[in-house]
Amino acid sequence: MSIVVQEIEAPRVAGRRRLRLLTKRFLRRPMAVGGLLVALAFVIVAIFAPLLAPYSPGHTDFDAVLAHSSSKHLLGTDDLGRDVLSRLIWGTRASMQVGVFATLLAMVVAVPIGMIAGYYRGWVDQVIARLTDVLLAFPFLILAVGLAAILGPSLLNATLALGIGSIPGFIRIARGETLALREEDYVPAAVLNGANDATIIFRHILPNMTNTLIVQATLTIPGAILGEAILSFLGVGVQPPTSSWGTMLQEAEPYLTQAQRLSVYPGVAIILAVLAFNVFGDGLRDVLDPRTTR
Amino acid sequence: MNRNRIAAAVGAAVGAGLLALLISATAGASGKQAVKFKAGGTLTVAMTNGEPDALDPTLARTFSGREVFLTICEKLYDLDAHTNIVPQLAAALPKVSSNKLSVTIPLRHGIKFNDGTPFNSAAVVKTMTRYLTFKGSVRASELSAVTKVTAKGKYAVVFHLKAAYSPLTAQLADRSGMILSPKQMSKLGANFARDPICVGPYMYKNRVAGDSITVVKSPFYYAKSKAHFAKIVFKIYNDTTAAAQALKAGTVQALDAIASTDIPSIKADKALSITKAAGLGYGGITINIGNKNGLLKLPYQNVGTDLASSPKLRQAFEMAINRNTLNKVVFGGTVLPGCTPVSPSSVWFDKSIKCTGYNPNQAKSLVQQSGISNPTVNLMVPTGTVALREAQFIQAEEAAVGIKVNVQSTDFVTSLSKADAGTYDAFLIGWSGRVDPDGNIFGFVATTGTLNDSGYSKNIVDRFLSHARSASTTKARRHYYHAAVQQILNDRPLIYLDHPIASAGISKKVAGVTMYPDTLLRVAFAGYTQ
Amino acid sequence: MLVVASIVVFGGVRAIPGNPAIALGAENRDPAVIAAVKAKYLLDKPLPVQYGHWIWLAVQGDLGVDQRQLSVGRTIASRLPISLELAALSMIVSVIVGIPTGVITAVRRGKPSDYAATGVALIGLSVPHFWLGLMAIIWFAVDLHWLPAGGYVTAHHPIANLKHLLLPAVVLGIGFAAVLMRQMRSSMLDSLGTDYVRTARAKGLSEWSVVCKHAFRNSLITVTTVLGLQLGALISGIVTIEVIFGIPGFGSLTIDAINQRDYTLIQGVVLVVACGYVIVNLLVDVVYSLLNPRIRTI
């Protein structure tokens, strides 16, 4: 009995040492570190937006419409005389919200489903695979526009649509990992120990999946941020007066010839955020991949 | 205080300047200029007000559709540059019987439909019968006062009315007056839109859904020499910026509505000219006062929202908005600030109506007097860049006097549903405008009005409006509309903010393109000069 | 799977508030018209009856008539080729850019050119293509006047046709070029490190021929895999690009149909998309198993 217990515990004991090893490997990748720092910066800006923004995002000044950069407005003003920098900062909050929460939503819904498919296999797996296919058959954009038409456009519904769009990806990962992990030795040992299915899935298999899940999440967030930008730009995502990077681009579009700079600022913000998460996620994946040696 | 005066002065100057422009534009249009047109060529027109729906006047309801119809379907009557009604397929203005229940219209001779068949009273009768009885006919409600139409000889028809209805002629100057070829009606029936045939300088050729409609010069038209192009292609552009680019690049030679944000760059382009027309419509805010259970679910009862329950709050709401700044910031100076349902470009415009001016200080005290603490308004806005810009502007103006406005961006179709159902507080919506003032007022504020989303019901207004419908002299009608509008402005079921000015862009190589206050781009008699 | 998709579409479309009568109504909301629209769409009959009616007609090739009284089938048939052309052109762009870069960076792994190219690829992945489209319009159309800002000319005029599609195809292709490059790189790295290749090198075959042979084989697999995975993204990209550049293709048709609440059109469009998806996936599977008999997914 005690021998069996030790076997089950074995994968966790090496935890702390492993963490230190991983951190070392991570720090050897300057790009990934850079990505992490920039991503963190965006998260901090998103959380502390009210403190960082010089003006409130709705503060209008009708005498200073479409103004160029000045000491009063570092990045100038938009078509209603609102400070662009402040709107960018507040926009970070909306865009990051959608990006992070959509990913979380997808994870929370998809991972259990994927794990069930991978664990039980058989007809359950078949059904789930078919449903995933149907979900994949809908390009997320059409799904999101349709959802916006049904529920009305809003930040919440954009999050919902993007979350649903990210579900197939997580199902696949969870299913794949479960399929592999269920062959590990500690599973039959746990079964012998009298553990029921739920315990095995959630207490034994899930913790060993966390690495892959974290990487997938880090790589899903940038997609969701881009998705929010597209949806808000098309008018079916975040709605004005809430400022997000996508709505800023939408409001800037009619002024393409008069004030190009209004289109450039939010675009650069999107590129930086997406790039940061992508680079960080790539680095993380390399670090956690047992095949890489550095 | 000083800023207000300056703003008022600027507004007056802008208004005066625009009025001068309009006068010169219309003077130019009516003046006869000897222009040499080249025969042939293809004109490509960019349409940015949405795609035309079915090209069957029985069912058509889009603005863009009317622009296409101008080239292929003439009407019994038409407008002139000053919104007077003039005969087109009719031979003269209608004669109303002494009991006002019969209207006789003489028809022109020698006209052929675009399939060669003759235009006569039988064709008019068949068309009107279709409009009145076809299942799903949109024209039926416009002709609701008509019981039947009969022929009087070969070239005259008689409209038999249920009750006196002066706006009839105005209706016959729009889609309800378009006469369809009986042969084609018999041939296609419900599918008339697949190949519509009427009387017109051009005839329908084909259509690519969502992209374009092509019409070609008709060999049957009674004034063939006035049509110069060989072909006109109406191209649909969903994005106004893309349309402006196309105009500048020469891909299209005419653009029916330039967005205010594109006007500076088109003005600067030496190869393009801009034609302006102050429209017949208005932009404004509809306030839900009594629409509790849905449109036409009478009797209307006050819905109890902050705005609905307090006339003082509504007054404050109006006083908080500076219409001149609205014009400048939101519309780039391309609207006429206004406060009545009838536009200054219409002959029915009432100069004597006094507007509620911009007065934020009085607004603030009215808010106090209303007794409502933290007044909040949920403003439903149909999605669209300009509408959202306007909503955010209003939000800022109202915040300055202590009224909180929540902007609820809703897609256009859903917003109309909600307005009808009464599930809204305030609705930022305009109206494209009709020639007859009845078309701009009755539907919205009469108790039985089919567009009365506000749920407004006042006996005295109903009486004024129905008198205006049955009165036969312009003077009498003006008197009734003045009284009605005065009352409406007091009660504020709608707050009228502006009258849009349409600007169309045209290549300088093309001449003869006009735009009347109905803001429809008229290209039927235009042509290339170089 | 098609059946499920069609049911979902049918139900979803009916769930959209604001019935088509209101959409058709625009300004005048006439009760008689609303009744006529209801009759046309059988909106008063129970849902399964409506669904059966639609499927019965669809199977016969009749997708119905849209709000403009135009045949849905014909509309789709006229606008689909435009999107297909755009998709094909952007795939060509991404293959031309992505595959060789992927090969080169795999071969020159670790060298500065690898980092540079990988960096560029990452940026390519991070740039929102609709923003890139807007910027491209500003630079090439507005400022430089080299290319048209949008719109479409039929293939009857091949030069103008390509000029109009050049910017959209490049903008769309860049994102996929980046994905292709990364996939190509990793699969080349994998295969260049296999025993098979080491043997070939030992046998004296030139580095170049080894690389080329594997590059060719891998690229086909890579493109197919990526296409299969990214089909949804490709379609979304086409929709956005068509909207920005004003191209009257299948993508903008979809958006318009949804905004107009044109039930018949939406159903027809989504059905076609679902069919297309099934077909593409099938093709991907076939190509896959042909290329690599060891991977049999059918």
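Every chain is named by a letter (A, B and C) in the order it is written, and numbering of its residues begins at 1.
One rule holds for everything that comes next: a contact is a pair of C-beta atoms (placed from the backbone, for glycine too) under 8 Å apart; a residue touches a chain by one contact, two chains touch by 3 or more.
Fair warning: this is a prediction, and the values are worked out from it, not measured in the lab.
More C-beta pairs touch across one of A-C and A-B than the other; that pair is A-C.
Averaging C-alpha coordinates per chain and comparing to chain B, the farthest chain turns out to be A.
Note on chain placement: the centre of chain B and the centre of chain C lie 40 Å apart, centres being C-alpha means. Separating the CA-averaged centres of chain A and chain C is a span of 23 Å. Averaged C-alpha coordinates give centres for chain A and chain B that are 47 Å from one another. In chain C, 17, 137, 142, 243, 259, 261 are the positions where the chain touches two or more neighbouring chains simultaneously. Residue positions of chain A touching 2 or more other chains: 149, 253, 256-257. In chain B, the residues that reach two or more other chains under the touch definition are 411, 414.
Remark: chain C residues 17-19, 22-30, 32-33, 35-37, 39-40, 66-70, 74-75, 78-79, 137, 141-142, 145, 148-152, 243-246, 248, 252-253, 256, 259-261 touch chain B in the complex. Of all the residues in chain B, the ones that touch chain A in their complex are 240-241, 244, 259, 261-262, 264-265, 325, 328-329, 383-385, 388-389, 391-393, 395-396, 407, 409-411, 414. Within the complex formed with chain B, the chain A residues making contact are 58, 60, 62, 65, 79-81, 148-149, 152-153, 235, 239-241, 250-251, 253-258. For chain B in complex with chain C, the touching residues are 51-56, 59, 61-62, 135-138, 140-141, 191, 193-194, 207-212, 235-239, 242-243, 245-246, 249, 251, 295, 411-414, 416-417, 420, 431-432, 450-451.
By the touch criterion given at the top, residues 130-131, 133-134, 136-142, 145-146, 149-150, 222, 226, 229-230, 233-234, 249, 253, 256-257, 260, 263-264, 266-267, 270-271, 274-275, 278-279, 282 of chain A touch chain C in their complex.
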